[in-house]
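Next come two complexes, and both contain chain A; in the first it sits with chain B, in the second with chain C.
And now, the complex of A and B:
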């Protein structure tokens, strides 16, 4: 039983690594960060300071977007958020436990 | 001079109306709202209560996104925001004076 659980966890961790690598390989992708719901980065391709800054700010923005969607219609739910700026575009996929953040270049 | 100004304002107002109608004609578009930077709707294809609710909430979210982009890089600027939910997608184009909001159906 324990073995099975460990194996599943291990396989998930490998899958996460693979997914990050796959996204990272796309043209224009500057960084990939996975954040938990406390706004703490648990996986990142960026340096530590940038990961912490981005996770905190994007975590707050995602929470705000989630609330706005619910206040507009209490039966509705946020599924995806895109923040485009002059320098880059941030793609945010919120899940139950984690938030996947992809930062890509818009100047390409 | 005064005539010229009135004519320009009038032409702009007509252009705004035309733009709203053109967007509104797209398949899946549920509503178009133009909001000023105080979060007050100045043009809308939705009913009054919905326009006021959406303008306030989306105005706040846009302000938050603007700040997040600036805090990540003080020389950067928000250009576009997309909020996708299970029921609809909100497209937000912030301009200097106004915010253009388009709500479209995601179930189509």
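And now, the complex of A and C:
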């Protein structure tokens, strides 16, 4: 963690905004949700009810997937999770404290 | 010290040295009476017959009732409705301002910023990947679907149990020509061959497994019972004392004609078969005494013909019953009426020609088929040149052209093989019954290393197998007198139009291979003989002193070298 202490907070905050905007601008992206480890949607481009639903369910699923990977090999770690469905794909990037969820429409 | 504990278990036996270890000296003595208890007539009075005799027998199962009240486990189900995330306690989730403030606080957090920057990168990669290629596209969906894998199976459809308590092994099975009835011969060949109790044989209607349609009451146990292929009411049977008899189903189970004992076989009559004659009344029989006899059912007073199975070397030798080979299997193919084949107890298969004049013409061919008795012998119904033999833990397929070796064979089984038959419709299918109660089906077109299907029909040994002429049903007789009617799956009981051609190719190929091997072997043998013949005149064959000396020197040199090598290794 020590290598980014040098970044100033305000500079990084705008960078975060930019990153999220860039992600949202990609083709087919329907929504972006950032969830903290408590299951609270911190930032969301969806309405409150949907983001709460996503954060609750995906949070549990990610925790489960993380356990599965660690159970099979204790030195291994979950890095990414794709949930493919008929309508869209949920891309889940887990971190130690936060989970970045992107819902992407891949049907077209 | 420890032994003192065991002192009380010790039995001491003392004897003086001079009294033991002596040589025993036996001598002849006259019989002497040790004890004699004469019968005492006065005791007779004390004997009375117990009348009535009371014996209690429990016929029904004993039952008991018992109640147990086990300790109850109590369960409650409860649920939690988790709607919102785990907000800190001091924040009211219904207050949008408070939640917003909390969110903003986290957004300013270093960890949050780092996480989003870090995750955003990999996320973008995946989004772009999704947009670039359709990763989950289904390939080859336009290809035609593969036809389902064929399923070969064999299962029991009916079981015919011998009535009565003492079940005797099945010795032969025979299907009636139209296939509605099955004749089973039961006989218990015990060592002493005394058959004081009647050993019955049966005719079953295959639709009715509850009771046999007809009970055959032979004067002696029947070892073989065969239907006449021309007349579906007439049967002939071979008896344990060597006689042959004829039965008519319309006249009941009593024998209608029986050959007199003085013209009968000297051993048990193991095989009888109808031959293809004008009247349809002639048959022949074979026995371990080594003689084949031809009979006419209309006149059974003496055999019409007989042949001694003694494969002599030249035409000048006379065949004698003394040297005849015991017959264990008999084969007759109606389309080659003058020929027949026999399997002997010594493991030979001998081809016979009834029209032969000289001994060599009578028994023109001989195959060393098995190490033990040939239990079963049958020509292939379609490829008459090829025949199946079963014996010494293997089943073999032979070609008449190839005398030295069989052209196809199974591996040596762990259990004894008892009988084998070709499927009449699917001519590439061999049905082999095994001692462990299994029926194995070998399809030469499908697999030649293992049976396509092995069905465990029962736990007791299966002794006889006879397929139905329709090809789908197989009757198997067990050692406990039970007939199991097994049904083969469609693919094992029907033939395709290409099968004949394919099997021709297989048999021809194997035949060619064996003949090449045979020729090569003959060549080698000839060479060896020539070498020996050349060697003899020089007197070179016997090792001389010089040779021995050379060999000894060579040996000692080699030993020396080896020792040196070993020494070097040890030093190294």
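Definition applied: the second predicted complex is superposed on the first by the 101 of 108 C-alpha atoms of A that agree within 3 Å, B and C clash if a C-alpha of one lies under 4 Å from a C-alpha of the other, contacts with A are read in each partner's own complex, and residues count from 1 in each chain.
FYI, a contact is a pair of C-beta atoms (placed from the backbone, for glycine too) under 8 Å apart; a residue touches a chain by one contact, two chains touch by 3 or more.
Only a predicted model underlies this, so the values are computations on that prediction, with no experimental measurement involved.
Applying the stated contact rule after C-alpha superposition, one finds that A:81 touches chain B and leaves chain C untouched. In the superposition on chain A, A:40 makes contact with chain C only, while chain B stays out of contact range.
Ranked by how many residues of chain A each touches, chain B and chain C are led by C.
Contact with chain B, but none with chain C, is seen for A:58 once the two complexes are overlaid on the shared chain. Within the superposed three-chain model, A:68 lies in touch with chain B and out of touch with chain C [touch as defined at top].
Of the two partner chains placed by superposition, only chain C is touched by A:104; chain B is not.
Shared contact residues of chain A, touching chain B in one structure and chain C in the other: 79-80, 82, 84. In the complex of the two chains, the chain A residues touching chain C come out as 1, 4-5, 7, 9, 12-13, 15-16, 19-20, 22-23, 26-29, 34-36, 38-43, 52, 55-56, 59, 79-80, 82, 84, 89, 91, 93-98, 100, 102, 104, 106. Of all residues in chain C, only 82-87, 102-103, 106-108, 110-120, 122-124, 126-128, 130-131, 134, 136 touch chain A in the complex they form. The touching residues of chain B, counted against chain A in their complex, run 53-54, 57-58, 60-61, 64-65, 68-69, 71-73, 76-88.
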